[in-house]
């Protein structure tokens, strides 16, 4: 049931990238980071300047046949009548601005939405989520009349500018957008930001001056160990095995 | 497993309305908004002045054969020995007072019961539940000796007056009653009010003056996007697919 | 799947009492009120002065064949090598002191253990758990060296005295003991005390002076509606149906 | 489904120790104390100075064939290409320093990671987790550049010194390491420390001066009752039965 082969690095074919995109959707739904809304994208390794993303469907039920190819201006490349996510502009803009990014998440776990309204920084409390030692930027420049959604290429570009070179960006009263230099890292970052935020909420009633967040030295150290092939591979295979157990239709996907 | 067809709008037949009523019961139990108590109603589109509701049964186990037809004076139209919910008077009164309402929810999720006793307003913290930017009215006029239940047509009318033209009304120490101009909107409103309240509870220990609720401008914007056909349809199909997975007896209902 | 027959009142045979005892164990485990520890008892309606209880086994896995008969001095009546719960003295003493009681619960849900250490009263926040409008007594007279367990008939008698004529009694740092004039009422009281305590914990950070607990008038009213045959029957059948779905080995028990 | 045989005491063969190690991994994953990370170890009763532990794999999916044998200097004894956990040095050092210890846990439940950053003591709130009446030591001497991981024999020895003769030790911003004089006691201690910490978090907003923790007298009493054969055996068999129900691949392991 558990796959013991070492972490294989980035996919080299479009087909493999699409399969990882399906798994990422399923994993993030199974771990309760995505619900009816939200989406992920994976860069096409064969082109470099297009990406894969599901058509409009809840992540828990995404299949291989739902995959659309989109370019970095957010145009749909696939010839299809399928409906694409309006917020694909976020993914296009981030993948355009950040050549180091291979995969992008956008979603709305309740813990992050709630904490984002407090004005308090998102900071690492633990080794496993030490990559967030440097508080994440927070976006709060919604266009008037937008319903707090980002739907134009300009909206996407504005978010990408605010993201800068951070791993991710919190969106006040909305959710967060997260990156990874692989699908595995994007999934780990997304799950662990949710988990770290859950821990920050647990501690809201504690005397705030006493709380020991990770120091920069500690945080930088954990990035090395958490993003090692052995750690990324182990987590990914754990999440895949759990998703396959909960979602028998995945088969030996 | 996921149904990709567009949102179909209101049902045109009594049969289809009854089926949506069964699904709404199952979805709201599956998403933990209804437990052993609580009920939903759906207007009969063929008459306009009667509605469907289950006989006395826990929502998680409602079937098509449990459906009763009730009129807007809360009289049971169906010839049957089935026992009807005493609080059907709430549904009758709201559907009578509000011609714009097609479906009504009444239930008691713990989060809402608890928060209703604090005297604090129910207000939107996030984009996805932005329809509650305008704090919901709170009902607290229980008849002496009623056991805090509404069981007469007069009780129902009093609640409907307090509801006014809001989406829903919180009932202090009891739960809430919610409306929708479709079954899909009633289900979304009910789930998202529970979720928003859960987030408000998470933030009870945070410095309250710092919390950023949605502004009126933001809230009005989210109503447009959240209630769009694409958004309503996607969520409904997500909740239906989850309910069918958890409740195999639904089959291809 | 749902049993629509009306509430049948107290069992008249020992066999039926034993079956209700098995179901109560399974329900309270399935609803997360009992874990590896804890136990329930049901008076034998054929004798009046003996009761049924499982041998030492986790409640989630209790079967009909585990039933022991015990008298009100806590002697084991059944000829058997089975090991009995040490704390059966609680059940014996309560069933001896309270002729109005037909069934007893003793368990340790985390919410109640935690809240019991705060010195704050256990009071009703909602209609559905309105039977606790009158704060429950709290027991804190553990014998030195007892490990906070009640294991002698004298320990049991002391608890029964502290219980008085209340529905139940909280045990500081330990859990609670609950009664019912039927198995159905005992199960409802046990689940709803846990739920009410969960809500009290949710509100710990709220301004305590503002919280509106149920008044005596409201609480007394809810006792009538919650303990009606229609309400007790509906809840019991809901919990039975859920337990049977989660525990297929129960069959059509 | 439930195993009624009395608690059998320590395993006498390497084979039985390995089987208990598999079950401990599965139980601690099933009860949400271990996630993708974390590991347990069981002393080899045939040698006394080696122990069993899984190769690199998520605990939820550990099988008998994953077992490695490791010595107390953390050298891998088994001839294999399998990859071993880097933090096996913790297990080696504790089993070397503490001849009374038969099994060791190391993991990172969110509740413990969060609470460990507050500087507040970990103390017993309830009878069932009364073994923690004496606040656990807290480790906070991470080597610079270590990423807060313990990966050398010296790191392990330092932790073992800080542990002293306590049941376990909390690691600030990381998790905890727990011991037992049997696999059953190690599992109980690990689950109940997580549970006690969950209760401490529930009470963070309560007036702290009013909270009644267990006294030394109460705590020492609960150690006797909780660690009795009857109590350890009942809990272990409960957790085994639950794991087997949730993980059918365990069969009649």
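Chains here go by letter, A, B, C and D, matching the order in which they are written, and residues are numbered from 1 within each.
To be clear about the criterion, contacts are C-beta pairs under 8 Å (C-beta built on N, C-alpha and C of every residue); 3 or more make two chains touch, one makes a residue touch a chain.
Being a predicted model, the structure only gives us computed values, none of them experimental.
Centroid distances built from C-alpha atoms place B farthest away from subunit D.
Copies subunit B and subunit C of the same chain sequence form an interface built mainly from non-equivalent positions, shared numbers / all numbers used being under half. Inter-chain spacing, taken between the CA centroids of subunit A and subunit C, is 45 Å. Centroids of subunit A and subunit D (each the mean of its C-alpha atoms) stand 32 Å apart. In subunit C, the residues that reach two or more other chains under the touch definition are 204-205.
Residue ranges on subunit B touching subunit C, taken from their complex, read 35-37, 55-58, 60-61, 83, 108, 110-111, 113-115, 117-120, 142, 144-149, 172-175, 201, 204-205, 249. Across the interface of their complex, subunit C is touched by residues 1-2, 4, 124-128, 130, 195, 198-199, 202-203, 205-207, 210-214, 217-218, 221-226, 230, 234-235, 237-239, 241-242 of subunit D.
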